[in-house]
Amino acid sequence: MKNLVRIFCVVLAVSFCAIAFTACGGGERVYVIGGTGPLSGENSAYGLAVMRGATIAIDEINRDGGLNGVQFKLDMKHDACDAEQAASAYLTLIESGMQVSIGSVTSGAAKSFADAAAEDNVLCLTPSASADDVIGAGAHSFRVCLGDPQQGTIAADELVTNGGYTKIGVIYDTSDIYSEGLYNAFVARMTELGKTAGTDYVVQSFDNSNKSNFTAQVNALKNANCDVLFLPIYYGEAGLIARQATQADFKVPILGCDGLDGVKDHLEGVDASVVVRYITPFDASSTDARIKNFVTEYQNRYNETPNQFAADGYDAVMIIFKAMQAAGINDVTITASELCEALKPILTGGEFKYTGLTGADMTWTEGGSCNKAANIVTVAH
Amino acid sequence: MDTLILGLCYGGIYALIALGYTMVYGIAKMLNFAHGDIIMAGAYAIFVVLSAQGHVILALLAAIVVCTALGLLSERLAYRPLRSASPLAVLITAIGVSYLLQSLAQIFFDSQKRPVTVLPPESVPMFGTTVSVASLWTLALCTVIMVVLTLFIKKTRVGCAMLAVSEDRGAAQLMGINVNFIIALTFAIGSALAAFASLFYLMQTSVVEPTLGAMPGIKAFTAAVIGGIGSIPGAMVGGILLGVIETFSSSSPALSPYTTAIEFGLLIVILLVRPVGLFGKKRREKV
Amino acid sequence: MTVTAEKKKFRLKYYGNYLLLAAVLLLLIVLDVSGVLKRSSALTFTRIGYSIILAVSLNLVVGFLGELSLGHAGFMCVGAYVGCLTSNYLYTVIDSPVIVVLLALAVGGVAAALFGLLIGLPTLRLKGDYLAIVTLAFGEIIRTVCRNQEFLGGAMGLDNPNKYGKELYIIAFLAALVTVAVIQNLMRSKHGRAIQAIRDNEIAARAMGVNVTYYKLVGFVIAAFFAGIAGVIYGQQVSPISSNAFDYNYSIDILVMVVLGGMGNITGSIIAASLLTYIDVTLVSQLSGNAVMYKSLIYALILIFMILWNNAPFMLPARDWVRGKFTDLRRALFRRRAAESEGEPPATAAWDKIPTKIPMDALLSTDIVPERSHGGERKEDENESMGS
């Protein structure tokens, strides 16, 4: 036992030195953009997409000479969608010289990241965290994607006002922040429109311990004679629900939010008469030259079609770059807080408008949410 | 009505998995925590065969081979050396095996969900509603398997030997029964049942992922405990009970968020009222 | 052997854990005051602190009581939510963060202990394997319920506007110190002996007059209490406290720490908890890509290998060989002490010197010759600590 203790002391001492004295190396003159996301594990698809999109943007900026000749660098850490790990990664990033950040990819982590960043006043421009609390963390927090309230409202309007559906079936994930946020916003809008639960819309839910068996929920909605399905969830589960609905002979149109991007590969076996649509500001099949270039570049590099997360990642970096340009930043040694103060008025000023992959003429409110148009695209399957 | 049929389907699947747990517990006196992950391995075997355009029967055979091999391998390498160790040690090893299978699946197959279609989604009208073909197959095959299994244990010599080992391992050994063989056989049968379960599970859910087996495994384990662990009819009843409750709870909007809590709450209640489960036999422990 | 020599030995053996934790804490404070300690390192050490609490308290259940609890993360979840609610409320009344956190620790710990009592009362009367599944079920129930409560923040989790700040590591390490002190002393009291007797042979313990259910419950509730404490500390440094963090896998992670450190070995738990947490943090902050997959692979192999190593017959020769080398090493390092103890029974002798409230003989039933039963116990104990 004694020597175990002794060995441990040595290990501890060594690790102390390692932690305490790994100071950031000087010398490099680049702007550092930090961020976190799930880069491995169950949700890695989202984190990797953002990282890849952002990397393309960084390379593009650097190829064109950077900002007044100063290059950019992206430092992306893994956070496993976990609040504690995101906070920890934030500290590691800020200590290694991050000057501005694209926050975190998923909402729970992004909230934690933004909270931690509030202490140092570091700008967070999250590409894809849509929960309201994320930008509520402070004046330093912004986002690129549409927020949950925006999407929930669009969905309710689309289904009730434009679609004229009389009984909407909703299935959402009670264990997922994104899904819960969309659902709450949807319900709020439905109430505004004078619709009541049970008669005008019927709600079913699941959670992360029951993520593969939706037959019961689908059957219940079928028996309630719903004429449309609203799925404020991610594409994996949505595809499953669509297939199980076909299996149960319940063939109604489906509407989802931006989480459904990618559902195409999961619709095998779904009846051809089922129309699947989702709200998204990004369409990879668009003919816009900018998007075409991005899609080609992404396919060349990673051998897959980019989804909305990749486009959001690209836009987040580009917005930061353009805003820095607009603010006339010229000093590479600028601190994170100074940079944040310089960028905030630019983003919220109203004159700065960014046109990118996920929308034209984006502007930001004081609260940090992004004003842009959303499209509803139909999935061909 | 169709909720009930669906519940019976899931119940049948849970019952098949629970049978694996309960047989192993009855005979080897250990909780095989990795049983759920053997189902996952079977599901990946089916996925691989089906994506190579193989036939469903071929996929099922592949799943049986993979599951049985994994069951035997884990028994031989991880559990047999611990036959004389404390139950706690065996339980922890079983958790280790479960974790191992999951992480291997993650490494080999990536952690993304992959769609897999076992049967085309068709349904037939019945009892005034429509029932999917997959559900009918599941129900029919589950019934057949349970009947065959019961007959096997009651009527054959090997089955009797299994009963004897579960009754008293030492005495069975003295009577000339090869205990190691019987235990290995139990693992093989349990794993083969898991292969069937994975096929039926895929018919219902049509998606594979590395953690696919964890939740059904734990729930089937719950079912086995509810029915009385070690008891074969208990596993069947417990499984079906749990499946029906789960389906009814999931389809009610008010209860649906609490489905997991309800299932596990049921377990705690049953253990309180009847600690040995519905069909369990009370055993007096001796020094 | 003189009395002073014996006292010295006594101290080194029993106070090593405290010295270890106190030394680390002191070092951290010194580094902090001199401004070298980075915030990320402070956060890491807070994590190490509460991981130690979790591992040591789980060791009480798994190692000393001999029951498997898979709901340790569930108790932690209770502590985190309750602690955070308490501190959020208290900050409106009290200004001093230290007092708020201490009160939150107490409330969170008691809440978790109450849940432990609730779960333990019906299930601890049952035989071993059931506890594993019931605690697992409990962990899932707690998560499901927390997630669906509006006032707990739903899926997003509970917002915590008043995080404690960098100095939380001091509280974490002090709490770890208290945990180790309580559990270590408990194990050396007559209650601890009773608990370990249950592990070794429940029926025999019952026959000796040990109230099995009572002692199981005591052990279980204390473990739940400390898991709650760990949860409160977690909750003071993480902002949205989400139930998703406390899933079944997290309970397994804690179990890995206990098994790696050696079941029934507190020092081992401390070391394993620190090491695994440190590696975990380093993996996350240094590597990207598929580190997580390999983490669970490594954890799985640790679990299987450690159990086989300690229990499987075919490992026996290898184990003896390593043990022999280990003893040689020890002899080389502590030549004087080794020479001293040569030929005589190891230092766990002199039961009557251990400060329990009742005389040793009153502890064990009278129909066994005291000498023999002491000898047997001692051997058992030695094996245990060597095996781990």
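Letters A, B and C name the chains as they come in the text, with residue numbers starting at 1 for each one.
Note that in this section contacts are C-beta pairs under 8 Å (C-beta built on N, C-alpha and C of every residue); 3 or more make two chains touch, one makes a residue touch a chain.
No experiment lies behind these values; they were computed from the predicted model shown.
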Handout entry: Selected interface, A-B versus A-C, where C-beta contact pairs are more numerous
Key = A-C
Exercise for the section: Work out the mean Cα position per chain and let me know which chain is farthest from chain C. Expected result: A
Completion exercise
Rounded to the nearest Å, the gap between Cα centres of chain B and chain C is 33
Completion exercise
Taking each chain's mean CA coordinate, chain A and chain C are separated, in whole Å, by 38
Practice task
Find the geometric centre of each of chain A and chain B from their Cα atoms only, then give the gap between the two centres in Å, rounded to an integer.
Solution key: 38
Practice task
Please list all residues of chain B that touch 2 or more other chains.
Solution key: 106, 111, 257, 259-260
Handout entry: Numbers and ranges of chain C residues touching at least 2 other chains
Key = 140, 144, 147-148, 290, 293
Fill in the blank from the handout: Among chain A residues, those touching two or more other chains are 40-41, 174, 207, 209
Completion exercise
Within their complex, chain B touches chain C through residues 25, 31, 78, 81-82, 84-93, 95-100, 102-104, 106-107, 111, 214, 218, 221-222, 225, 229, 257-261, 264-265, 267-268, 271-272, 275, 285-287
Problem - chain C - residues contacting chain A, complex - result: 12-13, 16, 20, 23-24, 27, 31, 36-41, 43-44, 47, 140, 144, 147-148, 154-157, 159, 163, 234, 237-245, 267-268, 271, 274-275, 278, 281, 284-285, 287-293, 326, 329-330, 333-334, 385
Handout entry: chain A to chain B touching residues, read off their complex
Key = 40-42, 44-45, 174, 202-207, 209-210, 212-213, 215-217, 219-220, 223, 236, 239-240, 243-244, 246-249, 265-266, 268-269, 271
Problem - Residues on chain B engaged by chain A in the complex (per definition of touch) - result: 2-3, 6-7, 10, 106, 111-113, 115, 117, 120-123, 130, 132, 134, 204-207, 209, 211-212, 215, 246-248, 250-253, 256-257, 259-260
Problem - Residue ranges of chain A in contact with chain C within the complex - result: 1-6, 8-9, 11-12, 15-16, 19-21, 39-41, 76-85, 87-89, 91-92, 95, 107-108, 111-112, 115-116, 131, 133, 173-177, 179-181, 207-209
